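In what comes next, subunit A is part of two complexes: it sits with subunit B in the first one and with subunit C in the second one.
Moving on to the complex of A and B:
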């Protein structure tokens, strides 16, 4: 088993240190190549500042300023007929650009088109809630806060949605370790038994590679049962499966292997 | 004052016919193992299948109860998340003694494939477990076999015994 390493400061540094990795890009097309999207973009550009726009996989991506998000979405809902907000979340670009990308995935049933509205905000900044426009944003914005720690202004019921209320940290950040930080590793022990029980229960065993057929505390094999923690020598013989004591149990029919039927046809 | 004071309540203190009483009580207990309806994830489907007509748990005297007050055995069937850990502890505490715990499936045994921040790495970090069933998910046959093994284990125990804290008070 690998040694247990305390994960105290792991949140402070970024997880991915491969500086030479370049994520492959899906080819982008000009917005003018699609008539419907070109019209929509014109309507948005007339009222709001658009930082960038292109078509990717037959969807238009529009970058706006974060303070315009409610305005742009209201325009798209009421004028451009993008009546559904199918998805809303954030992407962590903190280590590359020092900011989050927040995206709103819009769907128009009448035009049969999808537009992704994106805006970038710095860490610690808040964004205005679009819950008044789309009810579906309610839980999505809570999830965004839960997973990334992005605060949302004027949300009707703003708290964590997936993790417990007393959780520390935001798990979808790239700096959050997959196996959890110190707080996460001891969360249930601290909460139920108290910190003093840490020594009794011990650290979590997180080693995927740890497989030991002679470890009778963590492994069992059907048909070869031994008591918990028993010592088994190398090359021990297989123990026949026994359901009952030899002298039987009062009033209970004894299971006889010889007289039993094995069903081979599952659909009989 | 009698010279040899007999403590009738204490573990093994009964002077007469102890094996017979043990046998009768354990026979009753082992054949009316009422389980708590407690499916946490996909393993819960297999647990339901064990209770349904094809595998028919009722013939073992195992009937699923919806309340921990009426249950003898807690079958942890599925992924135990850290958020849920305190509830499983509370339900276990609400069960009356004697009580047994079956940890069903890799997730409840060790965290299974969910080697992540949000999953308890083994339900035995929270409650003492009597039987670990391997598999993802274990088939209903495995669960039935597990219940039969548990019955065998109960029959070999003393009927009146102080429940020892297996891990924590």
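Moving on to the complex of A and C:
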């Protein structure tokens, strides 16, 4: 029987977890414990609905509704002096709750504070672009779309950024295998040589640890040297041969393995 | 066998022969001054750029995806391959993020060694920047001198960890090794000569007419644009914002050392060049102070946290429980608590941030790298229009982008 792999999350999983293991939590503090954050949160709460807020590892995390994202970021930029959007991306929680978590990592240089604004959107939903407020969102939102397939409304140049334009699939989804899918394996063959060359070339080997010892075209022979493209019957035993120039090397004697003794007894 | 017309590039539908006399120039991705795999689609009116489209992704290796399939310690050598000019600073950013996540305090000697490595990496990176940018602009001599100095520093790093380019010299919870006895004398010898070396470069470049023409008033990034585009590091400081994470949100022992943050409000290429030179001097200043700190530290190098960090080698070899713990940590990996963290450090290029979302498993649930070069490439979209083709090369030079980091 084939081993069962859950289809909604193909990432590597720990092979063993103690059945009594309870993961500890990174401590969360109340927002009221920090004066600056408390005031910022008050200002956000006055205008927008805040679902949750806490301080974790010196930074405030604020959960908002996804439709408020532009409003909250505009308020933070113009009123609260969070002048830089350091980072923007998503986390895939589709298999757990059918949602993406989108986070906006904000930095205020005058207050020396960082706030992470988070919102959750359902699969297939789009989010409004914040590119008008922060130009850095231009590329981040493209990257987010490229990696997760999250659509962004009113983006000026909405296009893949890292993967090729004609790529299928979004690599950072938990459903996307690490070594790529079927499409990825045939992408270059189809594009350069055409589908009709599939039989001649074969799929791209995307597992970088894979070595086929009978493939003399793509791999050096393990064990001993064979000419390029030589046909080797499967199951042929490896023969150990020592490489040496025909005329010998200066000062080095030819090593004859068969006529030499291997000492196994240490006390001989 | 190859069907030629199948190899069609993107942008194929762009009409290269337009009525408005606009020419589209494809700059890169194989261009010696593109600093890696940068492709720029430049719309030109005569020699002037009217529109620029940076196209990236030619070095995309999916490191964030790889991180989700690796235990935390396994990912460390991968971080080397991001900003490969200053790989220890990548290692450090990741190690610090994980340490913050699990709440570790690193021994003082490890902190001192980390500071040394970070500042040596900053020097290596800045020297490399100076060499390649000067070469792009045609100043071959500076290239040779700067690479000579960089060589000494790489030898120093080699003395420490055995690697020259991809160091992996920092571990989660500390550093793997103590510095060799020759390290501090060698470093001191180098640093004593460094001010003269920097002065030599400046003598060659500062008032060089060609250098000034290519640098002054070229590539002006207004403060507003720099902030909006998420520029950090020297790119931001050259635009008049005094923001250095080492100073503002100090990590390690940066709050104990005395150094200045050079700032300029000129916003142009020349300002950035001067900042890099000043920062090298500041790094030397930090290194002198850190070398003095080394002597009065205890010999401990790794934090004591049996749940997350393997015990010292002696304990592993003599105590059964430490061996068991070590075995579990190597085969299964550490399991940080559930939570998320974003930690920013000042890498030579700017703000290098790691966002880690842990769900309590031995693999990060999500790891996002905030690489400064990504936005420093993005800003070219708004920066290049209005400049001429030779300026494009000078501007790419001073942005100091490294494509391992842009594409990740």
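In this text, the second predicted complex is superposed on the first by the 179 of 268 C-alpha atoms of A that agree within 3 Å, B and C clash if a C-alpha of one lies under 4 Å from a C-alpha of the other, contacts with A are read in each partner's own complex, and residues count from 1 in each chain.
The rule is simple: a residue touches a chain if its C-beta (ideal position, glycine included) is under 8 Å from a C-beta of that chain, and two chains touch if they have at least 3 such contacts.
Given the structure is predicted, the values throughout are model-derived calculations rather than measurements.
Peer 1: Just subunit B (first), just subunit C (second), both, or neither: which does A:249 touch?
Peer 2: first
Peer 1: When the two structures are overlaid on chain A, which partner does A:86 contact: first (subunit B), second (subunit C), both, or neither?
Peer 2: After superposing on A, A:86 lies in contact with subunit C but is clear of subunit B.
Peer 1: Let me test your reading of the model: by the given contact rule, A:171 touches which partner, first (subunit B), second (subunit C), both or neither?
Peer 2: Once the two structures are laid over each other on A, A:171 reaches both partners.
Peer 1: Touching A:192, do we find subunit B (first), subunit C (second), both, or neither?
Peer 2: both
Peer 1: Classify the contacts of A:163 with the two partner chains as first (subunit B alone), second (subunit C alone), both, or neither.
Peer 2: both
Peer 1: Going by the contact rule set out at the top, does A:136 touch subunit B (first), subunit C (second), both, or neither?
Peer 2: The second partner, subunit C, only.
Peer 1: With the two structures laid over each other on chain A, which partner does A:184 touch: subunit B (first), subunit C (second), both, or neither?
Peer 2: Once the two structures are laid over each other on A, A:184 reaches subunit B alone.
Peer 1: A:206 contacts which: subunit B (first), subunit C (second), both, neither?
Peer 2: In the superposed model, A:206 contacts subunit B only, not subunit C.
Peer 1: As a test of reading the superposition: which chain, subunit B or subunit C, is in touch with more residues of subunit A?
Peer 2: Looking at subunit A, the partner in contact with more of its residues is C.
Peer 1: Let me test your reading of the model: by the given contact rule, A:48 touches which partner, first (subunit B), second (subunit C), both or neither?
Peer 2: In the superposition, A:48 touches no partner, neither subunit B nor subunit C.
Peer 1: Touching subunit B and also subunit C: which subunit A residues?
Peer 2: Common to the two interfaces on subunit A: residues 163-164, 171, 176, 178, 191-193, 197, 200.
Peer 1: Which residues of subunit A touch subunit C in the complex?
Peer 2: 11-16, 21, 23-28, 56-57, 59, 61, 83-87, 89, 91-92, 103, 105, 107, 109, 112, 114, 116, 134-136, 138-139, 147, 160-165, 171-172, 176, 178, 191-194, 197, 200
Peer 1: Can you tell me which positions in subunit C touch subunit A when the two form their complex?
Peer 2: Subunit C residues touching subunit A: 1-3, 6-7, 10, 56-57, 60, 62, 64-66, 68-70, 100-101, 103, 225, 227-230, 232, 241, 243, 248-249, 332-333, 335-344, 351, 353, 355, 357-363, 365-366, 368, 370, 374-375, 378-379, 381-382, 407.
Peer 1: If you look only at subunit A, which of its residues touch subunit B in the complex?
Peer 2: Residues of subunit A touching subunit B: 163-164, 171, 176-181, 184-185, 187-189, 191-193, 197, 200-201, 204-206, 208, 218-222, 225, 241-245, 249-252.
Peer 1: Can you list the residues on subunit B that touch subunit A in the complex?
Peer 2: That would be residues 23, 27, 31, 82-83, 85-86, 89, 109-111, 115-118, 120-122, 125-126, 132-134, 142, 145, 148-149, 152, 155, 167-168 of subunit B.
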